[in-house]
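The structure that follows is given in the form of structure tokens.
Order as written gives the chain letters A, B, C and D; numbering starts at 1 within each chain.
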């Protein structure tokens, strides 16, 4: 069956660069004579029939914008088989014959179900700042989130240094270590606490004190948020109560999700959007665009429906060597 | 008595642009044939005799750097008369015959005491991101903190809009309204909660809901931190528990203190550093550099030893009109 | 006559913050129950009848955007009396009974003629990066242009320092000294060449060589573009041919016109847009919003129809003292 | 022979991230108990014996700084065999028994000669914004230069759009296409002119006019500088003289070389500095750190002594598809 009208939606958390992917999908499709229908607010919007016809103007001047013009949401309903049936009925009524989903592993699970249950052609594009999807080295938004966090830590270093202070800087990424490790290496952090690390407060304090003895004016400890944001406050209290060490806390939070996408997010998203359309048109479904060995390419969607924390773990040793 | 050797120190919280003031002091003094002695870590460092001779190279390539190369601290000891006596003895032993203090109203109180108790010539330069010193329209660091907060809110707006969410964004400034009001107007915030506002949760929820009814995709509420940081969490809980309204919290925190100073902080600090030296040399002490009617000029130090929240309060009405 | 429908246009060069002024005009007017008609592409678009009805959504999410959503242009036709007659006919046919013009002194001349020839109520808002309009200390866009130039010079300093080089950095502003002086002071430039300065190459070379002798690793010379951009190349050639001194040239150019407006451009533009509407509604015409003694207020439009280079000239001495 | 004292220098053009590599070299070496001697101003400084002992403090707080603390230069003398002999004598007299060179293919040629003529152990680290060295997908500084150019083009787009204009934006990279192609894709440029492209002015004009006919408000054409900077002016003149099309020119120039390094430049430079030390200590010489298939690894230095324009050429088609 030939695809003549592609639906596109964003699902789950937003990430910078999603607009670049949308733009690339629309432009590639139009250059191939194919229609594109934007679906607002993810699977939830799909179930409510929130469609908008996309043309070249719809994606004009958006390449540099954070967030997503299609908006996004999480849809608990879509986890139920009857709502997925309804979604496919709506798509077919709208004459949409292929669907591109920009999101994370959860969103890809929903897409996979559409294919398995209804043979509805789907292609995924990995979009999440967490960089935690199996079988891809990169997810759209990761480098922008890292860059935002780096610039924030650079600022915090100014004030930490001016006051000879210790800072616990908590970065996003839930159970993924990627943001914490990359930010830690890139800012010369004195310590990095990974999501599942049981915090060794004694070692932390020893490291800080050794730095001070050596003449360091400040210490920055990058804390991966882990399952629940705010663990930095717990660490702060232990340092204070048990070791009489004053540490300041900075939770970087949602500033890491927004902002104009940096070069790689624009560049990789542009390639992915382009390839996703080609995959749909070529019948290469269900599939997903990934980065492997530094290149953007297609793989089976089934490879990307689980989380994995594989991309930066290998750099733990480097982080430690450089933080002496 | 002619001044031949100027001491300079930073005191209290650091703020972006302090380095520009230090640079201007050193360069102006040297162009006038006067020595400058840097005193590290504020009054505390003075009491420990932490001096460094300043020359043109000491202040080379620092105009664009956040924080302060002299570092800063708070010194409870300095509030006692015997330690101020000791400080003057140390200054005189070091042949320092005039002192420039970059800091806030508290630091100026210490300086005033040096003058009153020992006739030690002092000149203040207002440096704090809070913009809360009486009789000056500006304090060094304010605009950089505002700019950093604005860029953070712009980012948060991306993600708020993509998810149709409400955000409580807490900005620094303790009891000062200045940062909150300027950031609120400059980001088109839907609401601004000032430091001493008793929060009217019902009104807040009504405003948010009216915005949604009108088609707004997101709401940003700027929260001035007030005496204790973290009040946004309290508001969040009330909105959730009493009104079933989900709001996200972002505490901008210490990123607002660091970073390369923006134009006005560099420009005003450069003028202030220059004038402070001229005042010391001209015997115009005790005095302080201020901004009045848009111009940098000198006034009596006694005018600036209290806090005031006078600079942006008049813009509350503007903020409300533009946030409809 | 009561104003019920306000026309708004941008004219001349664009500047960052124009969107904030447009937003403030629309929101203030709507809060007062008044209609706003956007006129695209300045006076030229007015003559072609390019109108768009403005509502709250038209100005949603634009406060942070560079350029102007109404676009702008220069219109030679509008300098002729018969075309101004035609413009007023068009405005009246459109039931527009007051006009807000965002632009420079040239645009204000056109507005003044509309008033004089047809008693058409007009209010000006000064918008140009050049900060060169008589009787106002500020024009919207100036600080963003300065900030962009400062960040560019900070970057150039990195490479200049790494190579021990001299750079001629040409900034915008035509015959206005304001950008060059503020950027020069804020970047610690070794020299600033103002628009009408006859370049003293010998002195320039002596200054550079004295810096080198003193251990300076690099020299940055800020060159105001003056009437014709590119004079830095001429200076470069003379330095090379007559003094065997290699200098690199960087023409910052149009990057200074764009970008997200910095805090003050947003803040002042918001006040000006608000006041401009109040002036029109209050019959205070022909008038213009200005900054005087650090405050935004209204003055007679006739005060702002000429250029003036008055705002930063007084800082030449400061620049020289600090560049030793 | 065991290496106990590593010399390190930067050579050729500076690039952002060089400081991160220096920092990683120093910290890795010290953690292994090895000395590091910094050599200032490249091969020229080596010949003049400009050495500085490096310790942890030497590389404190430099990870975020553009340029290179060791400075750099081009040394025509070093192309002669007798001066290389002299250099090795100086190195040995200084008890330096291994050399790390951060630079481009030219610098690596010099390093290769040191090895071939004197068996002096050398390791290269590719540092140039041009990304034009054979057998590596990445060179330190490339992404920062690209990011700086992207942000500049985003700004120019604001003003281009506000005036409905065409801009020729010239980016650095000499004969390399990499910056131009990546910037072009990432900014949605309407056209990209590669270094060796013979400009087809007719096609350029047709493309611009087709865009206008389709409702585009502005056109951005990215021009790779090629062998001599300034070719945009030639194109501008032809467009004006032969096609009566007004285009503005922006030469981004040296702002692309400076600035705080973005995430990948910090991250890759940190890995490369670390690996370079390990290679020297392990006797893996002459070698060079490269990126292949997305990973940092070592290869024979001989593989990287020539230029190649291989890394982004494959994206020309993508650029064309997305610029319709």
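Note that a contact is a pair of C-beta atoms (placed from the backbone, for glycine too) under 8 Å apart; a residue touches a chain by one contact, two chains touch by 3 or more.
Here is each chain with its UniProt name: A, B, C, D = ATP-dependent 6-phosphofructokinase.
All of these numbers come straight from a predicted model, not from anything done at the bench.
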- Task: Return the chain whose centre of C-alpha atoms lies at maximal distance from the corresponding centre of chain C.
- Result: A
- Would you mind pulling out the distance in Å between where the CA atoms of chain B average out and where those of chain D do? 39
- Query: Quick one: chain A and chain D, Cα centre-to-centre, how many Å?
  - Reply: 28
- Item | Residues within chain C bordering two or more other chains | 154, 157, 161
- Task: Answer with line, ring, star, complete or other to describe the graph linking chains that touch.
- Result: ring
- All pairs of touching chains, please: list them by chain label. A-B, A-D, B-C, C-D
- Query: Along chain D, where are the residues that touch chain C in the complex?
  - Reply: 10, 14, 16, 18, 41, 65-68, 71-73, 148, 152, 154-164, 167, 217, 248-255, 257-259
- chain A partner, complex, touching residues on chain D are 23-24, 27-28, 30-31, 56-57, 60-61, 63-64, 137, 143, 146-147, 150-151, 154, 157, 161, 182, 185-188, 214-216, 260, 262-264, 266-267, 270-271, 274, 291, 293-295, 315, 318, 321-322, 324
